[in-house]
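Single-structure report; data block below.
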Amino acid sequence: MMESVSFPLTAGKLSKVLNASLVGNGEVSIERLSSLEDARSGSLAFFSNPKLRGHLNQLEAGVVVLTNRESVIKDSPITFLIVEEPKAAFAEIAKTLLPASPWKGISFEAKIHPSVRMGKGVSIGPGSIICENVTIGEGTIIYPSSYIGPDVVIGNHCEIHPFVTILCRVEMGNRVRVFSGAVIGSEGFGFLEGDSGFTEMPQIGGVTIEDDVRIGAKCTIDRSTIGNTFIGRGTKIDDQVHIGHNCRIGKNCILCAQVGLAGSSVLKDGVILGGQVGVAGHLTINENVICGGQTGVTRDLEANQKYFQCPATPLTEALRTYQISKKLPEMARKLKKLEEKLNG
Amino acid sequence: MMESVSFPLTAGKLSKVLNASLVGNGEVSIERLSSLEDARSGSLAFFSNPKLRGHLNQLEAGVVVLTNRESVIKDSPITFLIVEEPKAAFAEIAKTLLPASPWKGISFEAKIHPSVRMGKGVSIGPGSIICENVTIGEGTIIYPSSYIGPDVVIGNHCEIHPFVTILCRVEMGNRVRVFSGAVIGSEGFGFLEGDSGFTEMPQIGGVTIEDDVRIGAKCTIDRSTIGNTFIGRGTKIDDQVHIGHNCRIGKNCILCAQVGLAGSSVLKDGVILGGQVGVAGHLTINENVICGGQTGVTRDLEANQKYFQCPATPLTEALRTYQISKKLPEMARKLKKLEEKLNG
Amino acid sequence: MMESVSFPLTAGKLSKVLNASLVGNGEVSIERLSSLEDARSGSLAFFSNPKLRGHLNQLEAGVVVLTNRESVIKDSPITFLIVEEPKAAFAEIAKTLLPASPWKGISFEAKIHPSVRMGKGVSIGPGSIICENVTIGEGTIIYPSSYIGPDVVIGNHCEIHPFVTILCRVEMGNRVRVFSGAVIGSEGFGFLEGDSGFTEMPQIGGVTIEDDVRIGAKCTIDRSTIGNTFIGRGTKIDDQVHIGHNCRIGKNCILCAQVGLAGSSVLKDGVILGGQVGVAGHLTINENVICGGQTGVTRDLEANQKYFQCPATPLTEALRTYQISKKLPEMARKLKKLEEKLNG
C-alpha cells in the first residue's frame, strides 16, 4: 500500500512517495488528478496510450505527467514523473483519495436476526435486513437498505451496496463487491409444460461466488435448479448483466454491461464478453474467447478465438463477409449482365 | 399435492410416496437431489433427455433415477423408480423441499395506510410501504422493503419479493409472483416535441396483470398513456425484461431475459421470445410465434412461425442466407473470373 | 397552465377551457379520456395520426374528438373540439388529471444527516436516507426508500422515485426526474490487468445531469474515472439504459429502453437511439443521428444520418443489402450455372 497523499502537494514530494524520477520543475504544485485531455496547470495526469501523444505535446506549463522513460519530452514546459507503470501508479494515488464509506459500525436501525454470525469490524447500515443463519466475515460493509436472505454466507472484506438483494443459499468468498440493485439467488427460469400452461420448476439450488468477484449494479444472478450457479475467482461483471440458473463462469472473466447468459451456459477461464452479448443455454465458451459487443452465441466456441455478430462468427470471417456484403447490389447487377450476355 | 418428503429416505419409501414401480435395491438411501451429471451415491436424479444417456450408463451403485419404463437398464447397479413423467415427479419432490418464506404475519415495521384492505393470512415484511386504498388478497406475501403505491389491487396468494415497486393503477390477479427489483406501473416513455425540446406526455393509464403471471427480477412494465398495459394469464417473464406502455401480451407467453418491447406492441397467446429479443412499437406478433435470441422484430409476424435475426426473418431463410453469406468471398472471386473470361 | 378539469363535464364546457371551436352537440357528457381505438360514448379522444382515420369514421354518438379543422367530418354523430395541436391539448387535460404525489412534507421516518441543506417545500418519504453534505433544491420530492449518498447536489422541482440510488459526487439540475430503481454514480467498469488478474481502477469522478433530464426505471449511469460523466439538458432516457463511465451526452437526446453506452462514448445534441442500441467505447455519434433498434455502433457516425444493424450501416444501404441478401441462394445457383456453361 502506498502512503496516502492529499492535495496540494509538489511534484517533488510526489516523486518521493512514488519512488519516481523527476524531469522538470519539482516545485510545481499538484492540485487535482485529471485525464490527459483535460489536464491544465495544477493537474496530474498519466500517459500510456500512444494515441494520445498529441495531447501530451500540447500540455502547458504547470502540468505533471506520470509516464515511462521513453515518453519523456526534452525541453518541455511540463514536469515528468518517470515510473515503470504509469497507469498503475496513477491508480494507487487515486485509491488513497477515495472517500471512506460513510457507514461504520452496526446501525441500531438495521434488522439483524439473533442467529446471525459476524466477524470483527463488520458494518451494517440502517434499514438493511439480515435473516436467520446468515454468516458475515470480518471487515465486510453492508450499506443501508440491503436484504440478505436466510443461510447466506458472505466472506471477509466484502462490500454490499444499497438495495442489493441476496437470497437463500448464496455463498460468496472474500473481497466480493456487489453494487446497488443487484439481485443474487433469485429463482431460475425453468418450467414444466402441461395442458393448462406452464408451472414453475422448483429451484432448490444456490449460487457460489468466489473471491475477488465484482458484480455490477442491477445484475441478476439466478440460483440453480439443483446444485449451484458458479462464478470463479477474479471475474468482473459490469452493470445490468443477467446470469441464468446453473451457469458456470470461470476465473478472471470480463462480462461487459447488459450481457445475458441463458441457463446452464459454461464460460471457461479468461473469457471476455463485450456489451450486450447474448449466450444461448447449455453451451460452452472455451478459454480466453473474446466476443465483440452484441455477439449472439448459438454454439460452443473454440478457445483463444475472437467472435462477432449473431450467430457468433470468427471475427475476421465476420468482417470480411460484412465488407463483401456491401458489394451485393453491384454483384447482382454484374451477374445479371453476364447472364444476358451468355443467354441473350 | 404430494406428501412432503425429507432426507434421508429409502428408495422403497419414496416409491410408495410417488406410487412408482421400483427396479433395483429398495434399501438404497437417498440423501439429496442431483442433476444426472452430478449424481453420485446417495443422489436422486431424473432421466428424460435422451442426450444424457451417456451419463445414465455411467452412474455408480447407490444412485436412484426417476424415469419412465423404456429407459430402465437391465442389471444396472443403480435403482430405478418408474413413473410416467419423471421430470414432473422430480419437481413435486423438489417443491416439498423448498423452504417456507421467513416472513409470516404483518410486521409492526411495515408502513400500512389505514385505508388498505386485506384478506386473511396476508404477510407483510418490515420496511414495506403500502399506500392509500390498496387491496391485498388472502394469502399474499409481501416481502420486506417493497413499495405498493395508491389504488393498487393485488389478488390472492401472490408473492411480492424485496425491493419491488408497484405504482398507481396496477391491478393483478391471483398467484402472481413478482421478483426482486421489478418496477410495475412506472411512467411510459412518450413525449410531445416542441421548439424548445421534448415535454412528457402524461401517462394516466395503468397495468393489468392476469392470474398466474410470473415477473422476473428487475423487470420494468410501464403504465399506459390511457387504458392499461396488459399481460395475459399464465405468461412467464424472465429477469430484466422491459415492457413499454400500452403493450398487450396474451396468455401463456414466454419472455426470456432482457427482452424489450417498445410501446403498444401486441403479442398474441403462446408467443415465445428468446433472450434479448427486441420488438419495435405498434406491431403484432401472432399466436405461437417463436423468436430466437436477439431477434429484432420490425414488422407484424405470422402465427405459428419461427423467426431469427434483425430484421426478423423466417428461421429457415435466415439460416440458409447465413450459410451462403459465408461463401460470398468465393462468389465474388468466381464472378470476377467469369467477367474476365467473357470480357477479356 | 390550463385550468384543472374534472369529469363528468360537457363538451361545451371543455371547449371554453381549451378555447376550442365546437362542431356538434355541446351537451354531450365527457366521462373519461380514451385512445381513439377504445373510444365509446362518454369518451374524449384526440385525432392527429392519419393512419387512424378508419377509427375516426366508425365512432358512435356521444364521443368527443379533439382535432384540427381539416379533420372534422360533416354530419358526423360525434362531437368535435377544434384546436391547432390536438395531441398537446389532450396532454394538457391529462396532466390536470394526474394524481398528486401521496408524499408531502418531510417524514419523521426519513434519515437525514444534520448537514443536509434543503430549499422550501421539499418532500422526503419514509425510509429514504440522505447522507452528509447533500443539497436539495426547493420543491423537490424524494419518494420513500431512496438513498442519496454524500455530497450529492439535487436541483429544484426534481422527482426521485422509490428505490433510487444516487451516489457520491452526483450533481443534477432542475426538474430532473429519476424513476424507480435507477442507480446514478455507481463505480465505472475500469481495470488494471496484472499477473494475477484484474484490479479495479479507482473511479474518483462524478456525474453531472443538466436541467429537464428524465432517467427511466432501472437505469445505471456510472461515475467517471476522473472528471464527470455528463448528460445534457432535456435529454430523455427510457428504462434499463446503461451509460458507462466518462460518457458525454448532449442536449435533447432520446435514448430508448435497454440502450447501452460503453465508457467514454460521446453523443452530440439531438441524437436518437432506438431500443437495445449498443455503442462501443470512445466513439462520437454526431448531431441528430438516428439509430434504429439494436444497432451496434463500432465507429464514429456522421451527423444527420440514419443507421441500422451491427456494425452500424447507413439505413438505406442496410435495407438494400438485406433485401438482396435474400436472393443469395438464387444468385449462387445462377453463378454455378454460368460457370458450367462457360467452363463445361
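A, B and C are the chain letters, set down in written order, and residue numbers restart from 1 in every chain.
Convention: contacts are C-beta pairs under 8 Å (C-beta built on N, C-alpha and C of every residue); 3 or more make two chains touch, one makes a residue touch a chain.
No experiment lies behind these values; they were computed from the predicted model shown.
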Rotation angle (°) superposing Cα atoms of chain B on chain C, nearest 5: 120
Same-site or different-site touching of chain A by its copy chain B, using the half cut: different
Centre-of-Cα separation between chain B and chain A, whole angstrom: 27
Contacts with two or more other chains, residues of chain A listed in rising order: 127, 145, 163, 181, 218, 240, 258, 276, 294, 310, 325, 328, 331, 335, 338, 342
Residue ranges of chain B touching chain C (in the complex, touch as defined): 111, 127, 129, 131-132, 145, 147, 149-150, 163, 165, 167-168, 181, 183, 186-187, 189, 191-192, 194, 196-202, 204, 218, 220, 222, 225-227, 240, 242, 244, 246, 258, 260, 262, 276, 278, 280, 294, 296, 298, 310-311, 313, 317, 320-321, 324-325, 327-328, 331, 334-335, 338, 341-342
Contacting residues of chain A [partner chain C, same complex]: 33-35, 38, 87-88, 91, 94-95, 97-99, 102, 109, 125-127, 143-145, 161-163, 177, 179-181, 212, 214, 216-218, 233-234, 236, 238-240, 251-252, 254, 256-258, 274-276, 292-294, 309-310, 322, 325-326, 328-329, 331-332, 335, 338-339, 342
